[in-house]
Amino acid sequence: MIRVGIVGASGYTGAELARLLCRHPDVEIVAATTRQYKGRPLDSVFPHLAGLTDIVCEDLDAEGLAGRADYLFTAVPHQTAMNLVPSLLTAGAKVVDLSADFRLRDAAIYEQWYQPHSAPGYLAEAVYGLPELYRDRIAAARLVANPGCYPTSVILALAPLLTAGVIDPETLIVDSKSGASGAGRGASTASLFCEVSEGFRAYKVGEHRHTPEIEQEIGQLCGRPVTISFTPHLLPMSRGILSTIYATLTVRKSDLEIYEIMREFYRRESFVRVCRPGELPATQHVRGSNYCDIGFKVDLRTNRLVVLAAIDNVVKGAAGQAVQNMNLMAGLPEGRGLEAVPLFP
Amino acid sequence: MIRVGIVGASGYTGAELARLLCRHPDVEIVAATTRQYKGRPLDSVFPHLAGLTDIVCEDLDAEGLAGRADYLFTAVPHQTAMNLVPSLLTAGAKVVDLSADFRLRDAAIYEQWYQPHSAPGYLAEAVYGLPELYRDRIAAARLVANPGCYPTSVILALAPLLTAGVIDPETLIVDSKSGASGAGRGASTASLFCEVSEGFRAYKVGEHRHTPEIEQEIGQLCGRPVTISFTPHLLPMSRGILSTIYATLTVRKSDLEIYEIMREFYRRESFVRVCRPGELPATQHVRGSNYCDIGFKVDLRTNRLVVLAAIDNVVKGAAGQAVQNMNLMAGLPEGRGLEAVPLFP
Amino acid sequence: MIRVGIVGASGYTGAELARLLCRHPDVEIVAATTRQYKGRPLDSVFPHLAGLTDIVCEDLDAEGLAGRADYLFTAVPHQTAMNLVPSLLTAGAKVVDLSADFRLRDAAIYEQWYQPHSAPGYLAEAVYGLPELYRDRIAAARLVANPGCYPTSVILALAPLLTAGVIDPETLIVDSKSGASGAGRGASTASLFCEVSEGFRAYKVGEHRHTPEIEQEIGQLCGRPVTISFTPHLLPMSRGILSTIYATLTVRKSDLEIYEIMREFYRRESFVRVCRPGELPATQHVRGSNYCDIGFKVDLRTNRLVVLAAIDNVVKGAAGQAVQNMNLMAGLPEGRGLEAVPLFP
Amino acid sequence: MIRVGIVGASGYTGAELARLLCRHPDVEIVAATTRQYKGRPLDSVFPHLAGLTDIVCEDLDAEGLAGRADYLFTAVPHQTAMNLVPSLLTAGAKVVDLSADFRLRDAAIYEQWYQPHSAPGYLAEAVYGLPELYRDRIAAARLVANPGCYPTSVILALAPLLTAGVIDPETLIVDSKSGASGAGRGASTASLFCEVSEGFRAYKVGEHRHTPEIEQEIGQLCGRPVTISFTPHLLPMSRGILSTIYATLTVRKSDLEIYEIMREFYRRESFVRVCRPGELPATQHVRGSNYCDIGFKVDLRTNRLVVLAAIDNVVKGAAGQAVQNMNLMAGLPEGRGLEAVPLFP
């Protein structure tokens, strides 16, 4: 049994890690840390887990933790992560970090969008944890930077198209919409039911911190720097991201030709489902699962391609992808513990 | 591999059966019938199942079906079921019927609340499929009548208390609330998003057809006929039932004493979770799972006990319990294929 | 023009008072106090009010405030209110207090359910602000205690029946369900969208502080003390309360007879709508309005009457009723400023 | 009193017309037609209107109707409208048509996106009912074509910018999101609560029939034909549209300069509110009102402008704007009957 620990177990990502890992056949949860609920059984903090785990929340002791666990999932805010992860690695654990701190390879870009980086020496080592693009490197990694939720949906949608060179990256416009779980479990007026329900709005237009992460990976796929427009929105629902992406076609392509490019690119992937021409993805069809569903439409009138990707932001956009990464790092079948069929309705 | 067929695959219950059965390790889905979508792949009707099943919907041919499948789940409306089930049994299949047609042992009561019964001869044979009460009989049955969603929540909440004799059955008032999936997937104005969302109402006050089903089982537990008040309500959400049940205590009991009665009664059950005193069940903590969570509160001021039970109406209230019954009938571990942890948030 | 001030303008009740009063033809809002947003225009705190008021939030100065305003609405927490209201009255203002502090006539009962009362001397003077029962006394009052949201729905539902003596008050069971706005606008994890959405639960079973308020008014109507069972629940929606109330009939009555009792009792009321037999109230049909819709069903099988009342908890359950009370106190037509038709869907 | 009739009173638009008109001080509703509910009081079809109107639904008799009413609102499907409106006009009524049939000035374009037009002779006469652009012509019109919901949000957002020439119309990408009321009140599986709730999807990508309507008006503002990308999405909520619009700036402009352009353009408009730089519109802040809230953000990195507009699709996107048009046609103050403050939460 692989011994795993969840650092930051009081948020939605931490809870989802517990949900997935408590049924993972090759894994034993040995620790769940959260200062807020220290000493409380995790299944009393999250009653949906009642009877499924007997872990008691503890305060964080980095060194002790690393000694007890083979793999640690760090589901803590950025800045906290960069101060913590080096000590966990030094103490011998492997780490899947769900924060933003090790996703950007260039410390200067990180510091431009976030704040000074205290552990830039680890950026070169960290592997961007998108298995569909970096499977081999993830398998060999000691530190995996789990992708952001929005970037996961956007990069998976665009990778086949940029690789095939059929869209012009300079024209990329990304209009993304996320459920409220993306805002976390911290008490805040803006995330109250009454503020979110029966309402819709954009936020951080042109300024969201996932922008450089998307640009890094898009640029990597294009072989040159790319600047995109990115607008996130808040949906009146809990789980799910849909990204609607616009790009000008470099060559005329039919829906069927785009479909073939997509299908071919993902033909060996178990967590990417490409919608047939004429069908479109919907967040309710991936809810609770690790799938990314991708659809598209060629708009002949404007010569633009519209690509749409749907994920569950808590699963493929966070905890599920983290488990997928751990499976790869540990030499397990990549989908182990991630077999859940989407829950609809 | 056990060969199973889903009769009536176009509704939410049928889709949920497919969702559960497509991952069930001992089962192969050999048929899904629905006139409406005949000839269409099931995963095109329900895109959340994309890639998880290659079953193509077919029209119903009772005899052919029974020959190809060992177990049939009939997820069709009442009245349709009673005309169909006998032929399936005759053709050699075992049946878990999810309609109301074989739940009431007394044909006269059935006919009083529904309409004339065309197959009353099967009522004596049919076993009421609540495993927590009828496990052994279910294991030996050829025809199991899967309980209604409301009755499942109510009977599980009350069984320990009536068995222990601590509440007066004459005082029972059942105030139940259900998510919109209980109204089915048929097109109807009353079930439109705009009619249900941000709204709440009661319906069929004192007239709901689950009333005699609850009374039958409550009466069985008491050893005498019981008449209850039952009021169902429609919640602005998709999945979940919470029943709030009021009864006068026959003897003074503390919360802790009630807890012990509950815990003892369900100590060997894997799908009933009893909340500790001071905690209360919530539908969001059982969503997508086969659990029934039960809580309660002694109200010393009124000498009444308030018992609350939460289930996912589509799982423990329908498809999940049906799979649980099939597992029992087939000699499989009762929880096989039902391991899903509740999805929260 | 009547000069009014809103004390506690940062919550949902305060915002709703502003929403109603900014269009009230006889009223000028002269102050809105909230420490949290002091110095900010109210319509920047609540952008739905943009362009409709130019009030700037200010910190509370009781004496200054009372000098500038004829009427003050105190939408502050209990305990805060009882420390504030006396000074406002002394300074010459009339007060509609939306807290619980002046609703209970008996200080001992208040202290049993809340905490010590610092201004018990005002309890005798305060008028319980349910216009349908206390219209004349409200018109003459200096201090009106605006009813709680749950009690408003329950008392209006029961008043005709208790007055007519057709139900046994000892058998009263009140099962109420409220939207999330009832929990206020303070940041709290329990009220986050993800905690409330697609979920349903009871809370404070048998212990909610609205219980003695209901019992006081029910007792008043019966002429003797009454003890009730009261269970509140949290609905996954923003606005609305539905109370489902059970009582044993003291005499056999038909639905039509009950309807006549209800209609007669409320025949001159403009904000109570009695549903015809066979129809039931729904919260979505009173949303955004000051109506209380009441329905009922005689259950012949159990000899119980089920009564249901729907209100918008923010309007008839709080701010709307407060404006109705102010209208009465000021000698204005009772419905002035409260003409809004329910918003459906 | 102006006598008005609602043709097609069974849908959400018809019900909203009734809601607005029943409180309109200068208007008397003299007829509401709907075959489906013929003979039923309108307030029994829509219980939120209980007690507010005594109109009984009737079947449509075009000539009789035109004789009894001064103004008719035709809230019927396209194609039905074009067969009906000419006879209403001929019989002497003025018409605000809420269908798409008279919005496009070019019959050929209409026929390309819809079907053959049976009354093309009326296209030249019909005035596009966006008061902010066509106020004077509306006032003089006999037939007003009430704009589509999406186009209203898009055209109002873009009019100042295209007029000022600061954006390149060739680069326009419109990503719109609508609540479920836009799909109407007809029974359909796709609009069921369980299909829409907790989910999000795009539909009719690049093919929605509002595209030519937007292009017509954008082209008018630019003085030349324009082709846009338009993607509508379905939000899990009832009311509200948010359109997020991307365009490349033709000249470098600051947020403040854009703000000045917007403010200046709409300085005399009572139903358009321009958000201050740094603030963004949200559908929950216009709910139930006739406002269009507009915000924007200059993205210096990409030299694109992102403009966002929020409306209540049932009010400013349909019934409210129709009443605004009727007010203009009848010489009444434009905002009469439309004073409702947005309902939040």
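In order of appearance the chains are A, B, C and D, and numbering begins at 1 in each one.
We take it that contacts are C-beta pairs under 8 Å (C-beta built on N, C-alpha and C of every residue); 3 or more make two chains touch, one makes a residue touch a chain.
Computed from a prediction, not measured in an experiment: that's the story for all the values here.
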Contact-graph distance - origin subunit B, target subunit D: 1
Chain pair repeating B-D, as identified from A-B, A-C or A-D when over half of the contact pairs by residue number coincide: A-C
Rounded Å distance between subunit A and subunit C, as computed from the means of their C-alpha atoms: 45
Distance from subunit D to subunit C - Cα centre to Cα centre, in angstrom: 36
Mean-CA-position distance for subunit C and subunit B (Å): 38
Per-residue multi-chain contacts in subunit C, two or more chains: 12, 181, 194-195, 197-198, 236-239, 282, 284-285, 287, 345
Complex interface listing, subunit C residues touching subunit A: 12, 180-181, 185-189, 191-198, 236-238
Subunit C-facing residues of subunit B, complex: 173, 175, 177, 179, 194-195, 197-203, 205-206, 227-229, 231, 233, 235-240, 242, 244, 246, 280-285, 287, 297-299, 301-302, 304, 306, 308, 310, 345
Partner subunit C, residues of subunit D touching it in the complex: 12, 15, 19, 22-23, 44, 46-52, 181, 197-198, 238-239, 273, 275, 279, 282, 284-289, 293, 339-345
